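Chain nomenclature is as follows: A, B and C, assigned in order of appearance, with residue numbering initiated at 1 for each chain independently.
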Amino acid sequence: MKSLLSAFAVLALFFTPAVYAQQPTPPSPDDVRKVAPALEAYRQARLFDDLWKRPELSARDRSLVTIAALIARNQTIELPFYVERALDSGVKPAEISEAIVHLNFYAGSSNAMAAVAAAKDVFARRGITPAQLPAAAPPKLPLDEKGEADRAQRVGQQFGAVSPGLVHYTTDILFRDLWLRPDFAPRDRSLVTVSALVANGQVGQIPYHLGRAMDNGLTQSQAGEVLTQLAFYAGWPASFSAIPVFKDVFEKRPK
Amino acid sequence: MKSLLSAFAVLALFFTPAVYAQQPTPPSPDDVRKVAPALEAYRQARLFDDLWKRPELSARDRSLVTIAALIARNQTIELPFYVERALDSGVKPAEISEAIVHLNFYAGSSNAMAAVAAAKDVFARRGITPAQLPAAAPPKLPLDEKGEADRAQRVGQQFGAVSPGLVHYTTDILFRDLWLRPDFAPRDRSLVTVSALVANGQVGQIPYHLGRAMDNGLTQSQAGEVLTQLAFYAGWPASFSAIPVFKDVFEKRPK
Amino acid sequence: MKSLLSAFAVLALFFTPAVYAQQPTPPSPDDVRKVAPALEAYRQARLFDDLWKRPELSARDRSLVTIAALIARNQTIELPFYVERALDSGVKPAEISEAIVHLNFYAGSSNAMAAVAAAKDVFARRGITPAQLPAAAPPKLPLDEKGEADRAQRVGQQFGAVSPGLVHYTTDILFRDLWLRPDFAPRDRSLVTVSALVANGQVGQIPYHLGRAMDNGLTQSQAGEVLTQLAFYAGWPASFSAIPVFKDVFEKRPK
């Protein structure tokens, strides 16, 4: 019986890591070198020792941009790594939680669920408890009633007859609820929204949201550097498709 | 020996779920609450108790739209859940099978293979047998020869010299074969096609396929609600990029 | 004790494959038939026995196009299968390695990492050693200084003020480094780049890169057939969104 128990212990050692690793494990630096030595070299020299240290955008903001891109494109393999990095860079657990809730609407329901699946083990490992997370329905930030009424009227006139449901929920859930949740600053919601739009090639939605982001405090220099960060995480074409739109938004803003 | 067998039973209990779950397991409501309590609240209040119950589109159609979006965007984490929901909402196994075959062409080969990987356990659990599935090559629906000849001539003139292979297979596989398979109504093929186009941001292909969908019986009100459903499952930007195109198609249709 | 050991052996048989299969296992032909008999029939008759044998593009080039599409769209379920196929079709391990490095920049960092995760077991199984892979920083191909200076000046004038970082890295990493790595021909880099652009719907970036591809030796007939191949692997809408852009590029090239 004793040998049976020790056999169990051995079995546990063998099987546990893989069995509980329901998330795919990202390749280690050694794994990367076995397929593409240059990739590991670029990652170290150009990504972590270069891009992430550029002063145009804080490591905190870069973390939000990166997480938004990964969630928007449903890429979970490195998401735990970047959630850890975000926490280490000063993003609060409550902010990561809200970023996922926000992207539930700006990227899609299953993107958010896959993000939860990727983040939950990190949260557990760090001992993050529900007490540190935003409530389901906290008191809301004050609403700019005039601005929101204008937006709702404009969208309603354009599209109310085409998809009444979409217009209804845009007002009801997004602008009178989600954007007013207090544990994630409007500027950060904008940062995450714009990042998701660029990452998914939804350039038609950039003008409104980039303008809103800059109204919410994102500077032009930061916005430009968001495209730099996203080139590495969503691919060069995504940033190059967005850059003429950014240029146009910058030029048309009242100085 | 008895204790060995019972030990096996214990082991089986511990290891089986994860070991056989080659598909990533979606987070439980409790998991979601450990990362984002608001997300679980929104899912219940706005998704399942609200959106899915709107009368503009049946739960059956919503299931097809949702499955199409998930397959088109290669999101498998919740696909088993929504395949179950589809079956519970009156979508026939044969129709789910055909939706996957259809999206093999409208979303890509590996999207279909990932969908098979996600659906096969659901089919097995429900005892769905090959006898309930469409044959590989069943007798075809009648073809609108004139309409198809016009389409083929128009596309051939425009693009025949650019990519002869693409033009050839479009006629040969899609319009003279796939669309005529009898176990999935043309209206449902259109529903799934349009959903995939919106979900993947392929707005340039919407006018042709939305017109075809309406020719096949999709009403304007249903089409508008497809955008509402897709906002939740492919993200708001996907629906907002598509809505002006839908508007244009609606306005240009002969009344 | 003997029975305990044999029990272990049995357990190992049962648990090992799944436990070590951190990559999702693609469905077998039998699995496919249990969900969609037509899908397996199409795969055999139209994909492997038809498309792949068309003379307009070699199996080697089709492999590169297919792998590029799968990596660009982050689809790993069949990637090991197509990496094997690529190796069997004459793509060198060094070329697969460089394709992943290339797509690290043209599709995104996590796409490359997911590709490494999918390729590493194939490389291990084939006994491919680091000695067969390109060095991290090999001597570069000669640069067309004039052409690159023109490109850099044009992009700098247009976008240098919008995102200085993006413009900087485009010159520094992409055109003065990545494209000059010697173990993957410029024509093949172009093939992979154009495939990723089509697969991800980044049509705005096609004119520059398709022109470059043809400058690098891709013929018009091959380029057209790339769209045929991609219809099957990235979906018909991706190829149909790209075909008018290809047409325009073909027509505007000096004869």
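By our rule, contacts are C-beta pairs under 8 Å (C-beta built on N, C-alpha and C of every residue); 3 or more make two chains touch, one makes a residue touch a chain.
These numbers were taken from a predicted model, which means no experiment stands behind them.
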C-alpha-based rotation, chain A on chain C, 0 to 180 degrees, nearest 5: 120
Same vs different contact residues, chain A with chain B, by half of numbers used: different
Chain centre separation (chain A, chain B; CA means) in Å: 25
Where chain C touches two or more other chains at once, by residue number: 4, 11, 15, 19, 24, 74, 201
Complex interface listing, chain C residues touching chain B: 3-4, 7, 11, 15, 18-19, 21, 24-27, 31-43, 46-47, 51, 54, 56, 69-70, 73-75, 77-78, 201, 224-225, 227-228, 231-241, 243-244, 246-247, 250
Residues of chain A touching chain B in the complex: 1, 4, 8, 11, 15, 19-20, 22-24, 72, 74, 96-98, 100-101, 103-117, 119-120, 123-124, 130, 133-137, 158-159, 162-166, 169-170, 173-174, 181, 196-197, 200-202, 204-205
